[in-house]
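Across the two complexes that follow, chain A remains constant while its partner is chain B and subsequently chain C.
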Partner chain A sequence: MKRFSVSPPVAALILAIVLFLLSGFLPNSYGSNVDIAIAQATNIVRLAVFLGVIAAGQTLVIISGSEGIDLSAGSVVTLTAILTYVYVSGENDRVLIALLISLGVGAVIGMLNGIGVTFLKVSPFVMTLGMSGVVTGAIIVVNHGTVSGRIAPIMTRLIARPVSPSIPIPGAVVIWLIFGVLMWLLLERTAFGKNLFAIGVNRVTAKLSGVNVTWTNLATYSLAGALAGFGGFLLVGNTGVVHIQLGQPFLFPSIAAVAVGGTLLSGGKGSYWGTMAGAIVLTLITSLLTTMQMPDSVRRMVLGGTLLILISIYGRQRSLRL
Partner chain B sequence: MKNRITWDFLMTRYPVFFPLVLLVLSVAINLYLQPNMFQLSTLNSNMRVFLPLILLTVGQAIVLIAGGIDISVGGIVSVVNTILATRVGLEGSSELMWQYVLISLLVGALAGAINGFFIAYLRLQPIITTYATSFLYAGFALFILPNPGGGIPSAIASVYRTSTPLSLPLAFYVIAILLLVWAYVSSTRYGKYLFAVGGKAEAAYETAVPVTLVQFSAYVISGFMAALAGIAITMLSGSGNADIGNPMTLNSITAVVIGGNAFSGGIGGVAGPILGAITLSVIQNIISFSHINTWWETLVKATIIVAALAAPGVINLFRRRRA
Partner chain C sequence: MPESLSARNIVKRYGGVVALSDGNLDVHTGEVVALIGANGSGKSTMSKVINGVVVLDGGQLLLDNNPVHWSSPQAAKNLGIATVFQELSLIPQMTVAENIWLTREPMTAIGTVNRKVLHEKTEELLSLFRGTYKVDLHPDDPIVSLPSDEKQIIEILKAISFDPWLIILDEATASLDSRQVQRLFELVEDWKEAGKAIIFVSHRMEEIFRIADRYSVLRNGKTVGAGDMKDVSEKELVKLMIEKESVFEYIRKDSKNGENEEKPVCLEVKELQTVTLKGINFSVREGELVGIGGLRGQGQRELLHSLFGDVPYSGTVKLFGNGYKFKHPREAMQIGLALVPGDRGREGLLSIRSILDNLQLPSWPRYGFPLRIKKAKRDAEQVGESLNLKMAGLEEPVSSLSGGNAQKVVLGKWLVRKPKLFLLDDPTKGVDVGTKAEIYSLLTQLCDEGKTILFYSSDDEELIGLCDRVLVLHDGIIRTELSGPSLTKENLISASLGVSNGFHPESRTGGTL
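So, the complex of A and B:
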């Protein structure tokens, strides 16, 4: 008999739908009102966009293997959100340049991580953790705790509002879908993607097969930084306000989203579709716990327990006994 | 040429060499800023603040040597702190205190056993598992003590704060015991197993090392050390706060790596990480004594840490260029 198996992204998506349907039975939920249910589902997906985009860079770095991880993503998000907020200051025609600045600054920070990891052989965990401190420190030095600025109307229009009055899908979700397709193309249809998976599986064999391991690794970290920068740009377009802790709450959930989406944390195997599904599951659970009006302590415990159950289902590593 | 061999020899044979250089350097700067640093009272008041992180770092080092990572340790510290602060109370007797110290150690080991069960027996990925359990533990701590408060009898707290047997800070004796125990453990078969499992778990398994049990035990030890750190920090602060352990987790990991252990496991010891933990704490001291502008503190501290982490790599890079 063939063993029943579902790919992790599909499993995560099914889980999200089941959880959402079950949540209808909760008090003060949507109950039997379909319109409210759809509105609620749309809203959860909209919130998941930001975690999903921030987790994109994390997915790349984790696939690259050798304990690859990016703990500076949270602070990069905060930095580029603040930069966008200050630079744009309400002007529509500055938005495009702000986007380029966000991507560029993110890429530079990512490249510094990459240099530390690739050339100085610092382990990614502590390198990016240290970089996170440096970036946070730089934000504090530059803005002294207060910033003045404003996002542009066009950002709100494109990111936070529905695409058109007749189509109640927020712009952010559309952006995310396009982004998801681009990520898929990058991972599955480019030489860089092939090289990335190759160095994730085994760096020695990758090198012997002609992959430029050093360059691929450096490019991965730079790209991850740029994607976190893009996440900051999108996030501020949705929130409309900035503060020094804006990005940090997304950091570990971004790693969790990657893991829940079935990407191996040891590298070499994974997909961005999985991360997208993981981001939706995590956002769904967090927002359900918030609507259930539990004390903060119970909420944290339930979140931890749920996460444990999730990764127990399909986050398991290969058994030692072959 | 001779110089090069000496450097290689030092770096490979004595992994503690570089952390020691860092420590001496940072202590020298600290001494310049705080001339009375080596007076017994100052030394003791520094060391008693450093000790909780040192204890936590030792547990983290053992997990890292065994090829794992434990980011729930801060949560365990918080749980122990809130248990002691709520169950013993400011008016509690010393018997009650010691009773709960024992219970705390059991709770810590149990929390570590939960981590170990999921990671070693269910084979979940360590970083994400302990991230999940960190919510369990931090949430539990908050459940026990929703608002900061409670406490332990001040007479017991002062035993920790002020005892200096033979004119040496209490922390020195604790560190000496840790080093002695490690010297013994690393020479036993179990010690060899720890390194084997961290180096390459599959190969260790093929050579009949009880990999699962060794991984499990590393997390139990880490939980136990986190409980010790929790007891120490409770005696230091004298009160309870459910968020007290939170900032310590990532520091303990940084301390282990500054201490010269390989992040990927299988290499290192406990002496280096202890030096790493002291170095991190001394850097914090330097920053508060150097009267730099408050706005710059985070940046300066983080830059020093990144520089310390990158230094061995930079040195190796330049040496390779010349060769």
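So, the complex of A and C:
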């Protein structure tokens, strides 16, 4: 009794394409001009990159189960963006070290989250929410609300500009694709990935099958922090400016992107392809509504509604198949 | 107040499993009736029928010879039938007083809980066991802070607080110490005098003879005997509990005992102690299939889990000639141990993951980076075939499998690794007959290949049919070791119940030590 079913990442991607094609009929949109349509599509994907990368760590902690979530992702993004901005100060040869600093600082914050969750048994929600507050506070203390710095030209070149004049694909999108392949490798082709799914489903089974649950959990939170740190690095490379609220607006969309991508919020099942598709859908809807000059209130309602509808459809599919 | 309750020809099915096919019991005020039977004979179901927790599928309950029907457990409670549950029914976060009087709290005129009266009434109940508590108990102590014996006492007090005429004590003494049991029995005597009726469900023969006036024996869901305790001996009761004709079809190879003598010792356990185990000593030779018997919850699970590094213990464990003290199951796996846990769903499977992921979970690190998925699939495929695993494909979720096939996956994930010592915790529980037979032949085949198996089963026939030797656990120690001609169902059940006569005294401390 095989019934027709589409996997959530594919469903989200189809939704994105349909929405985009429909948007052609909207006023202020690309109409029948194919070149503008492609340019717009490219731009939306480019904008989705930053959400997608920030949501990568979120995907990992959500897969790890036991109410796993990372509410500190937004503030880590802000922090590493500011660190990169200040440290690089326009020098190309400082970029690599800035990247390492971003990853490292993110990893340390993530590890603290992991220690709290694993050893102190604080719930991930509370632990990462608290960490978010601490990090935000630390940013304010260190910078006294103002920062001086500048990003390096090479960052703009690699992240914000097209790969080459003849290939109009932004560098960020290429980075994202490579990043996606690496995430897939991590989740599907390493023992760590397999163990991560295992602890997300059932930690007793995992332990009795030889999985080091404690270490896997700790590594997951650390990695999630590092990925958020990478997100901050990328983001500042695109925006070129920083402010204290840079990362925070990405926090809830990052969770939404994971859910739209079909990753179970209870853990143990999901994919990064799904999260990528989810990031594109959310970015697309936001930019469509902006194009339609909808007020912020309507944007929020539509986003929330989409999320509810998609997730309830996923839930239904699962219950039918079992 | 009613004076008697009778159960007549009770039938109770759970799905396709018949728990009771012809259960009968009579109990009158002023007497204690012992409800006796082996594992899975239907004792618990019988108590649940009487107290209305389950709805019966056939037969009749008579209250003072009038038919009654319980629409809910509450209905039975309202007519004065109280149960002391074996699985604790207390809410850990609430206090002693709140738990005892839950839903029946004494009220003040303005509708709030009258804490003063609540306190007084609770103190009154607590005084019944005064002197047996480790630390003095107060009505405001939260349940979560109490040791298990005191929780059991609160459970008893909660049942008494209903002022019932019929009290069902379902394994109520299992977690009590001897002083507390003594006090409980004094109270039972008082209750008898006060005209209450008591149904006493217990595995402990000694207690049954101390307290019961009459007995009723269940075997495979049927009541097979009842009468006065004074007319019966321990041996006769045990005999009643055992089936006459065996339905077990597996034939053991008898020649094996001798040939293992020269094989090296592969597992040696000395003075192993945990919370429930009180000093376990035994040794197992390579290629042996050694059974662990006894009633449920005598420490069998803990023994297997501590050998596998999942439960901390004190004592020494030697494996393959070297001493080890594992801190994590991974370390045990690495030197060739495998554990098939007793609760398949909660401890053995990743329900929503694929069959492949389940089979390869312990073995992924062997497949390098990036994981050689094709090789992993081939290996899993092979194990699946050798186990005759019926599946639509390796990518299907393991939850799509039947119980028997799911159990094959739990076994199979170890076979991939080719371990040397298997620790099996009731591997045929909830498995269909066909798969059981397959598991039996797999186990003997593994032994023939020189693997060693330590095998707990709640099914006594399995132990007798399969094992070279059986270590019988009772109250956290190896009470008896049975092998060869002494490995009979009668001896096994007697030993499980803690009856000590009928054995050679030298076999009472286990193993070759």
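As a working rule, the second predicted complex is superposed on the first by the 312 of 322 C-alpha atoms of A that agree within 3 Å, B and C clash if a C-alpha of one lies under 4 Å from a C-alpha of the other, contacts with A are read in each partner's own complex, and residues count from 1 in each chain.
Here is the rule we go by: a contact is a pair of C-beta atoms (placed from the backbone, for glycine too) under 8 Å apart; a residue touches a chain by one contact, two chains touch by 3 or more.
Just so it is clear, the structure is predicted and the values come from calculations on it, not from any experiment.
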Applying the document's definition of touch, where does A:Phe119 land relative to chain B and chain C: first, second, both, or neither? first
Hey, is it chain B or chain C that touches more of chain A? B
By the touch definition at the top of the document, which applies to A:Val204: first (chain B), second (chain C), both, or neither? second
If you stack the two complexes on chain A, which partner ends up touching A:Arg299: first (chain B), second (chain C), both, or neither? first
Check the residue A:Val141 against both partner chains and state whether it touches chain B (first), chain C (second), both, or neither. first
Should A:Ser166 be classified as contacting the first partner (chain B), the second (chain C), both, or neither? neither
Could you tell me if A:Leu307 is touching chain B, chain C, both of them or neither one (first, second, both, neither)? first
Contacts of chain A common to chain B and chain C in the A-superposed view 264
Sites on chain A touched by chain C in the complex: 185, 188-191, 194-195, 197-198, 201-202, 204-212, 264, 268-269, 322
In their shared complex, chain A is touched by residues of chain B numbered 69, 118, 122-125, 127-129, 131-143, 146, 201-202, 205, 211-212, 242, 250, 253-254, 257, 262-264, 295-303, 305-306, 309-310, 313-314, 316-317
Over in the complex, which chain A residues touch chain B? Could you list them? 66-67, 69, 116, 119-123, 125-127, 129-134, 136-138, 140-141, 144-145, 252, 255-256, 259, 264-266, 295-305, 307-308, 311-312, 315-321
Residue ranges of chain C in contact with chain A within the complex: 308, 310, 328-330, 333, 339, 341, 346-353, 357, 360-362, 364-365, 367, 369-371, 373, 397, 399-400, 413
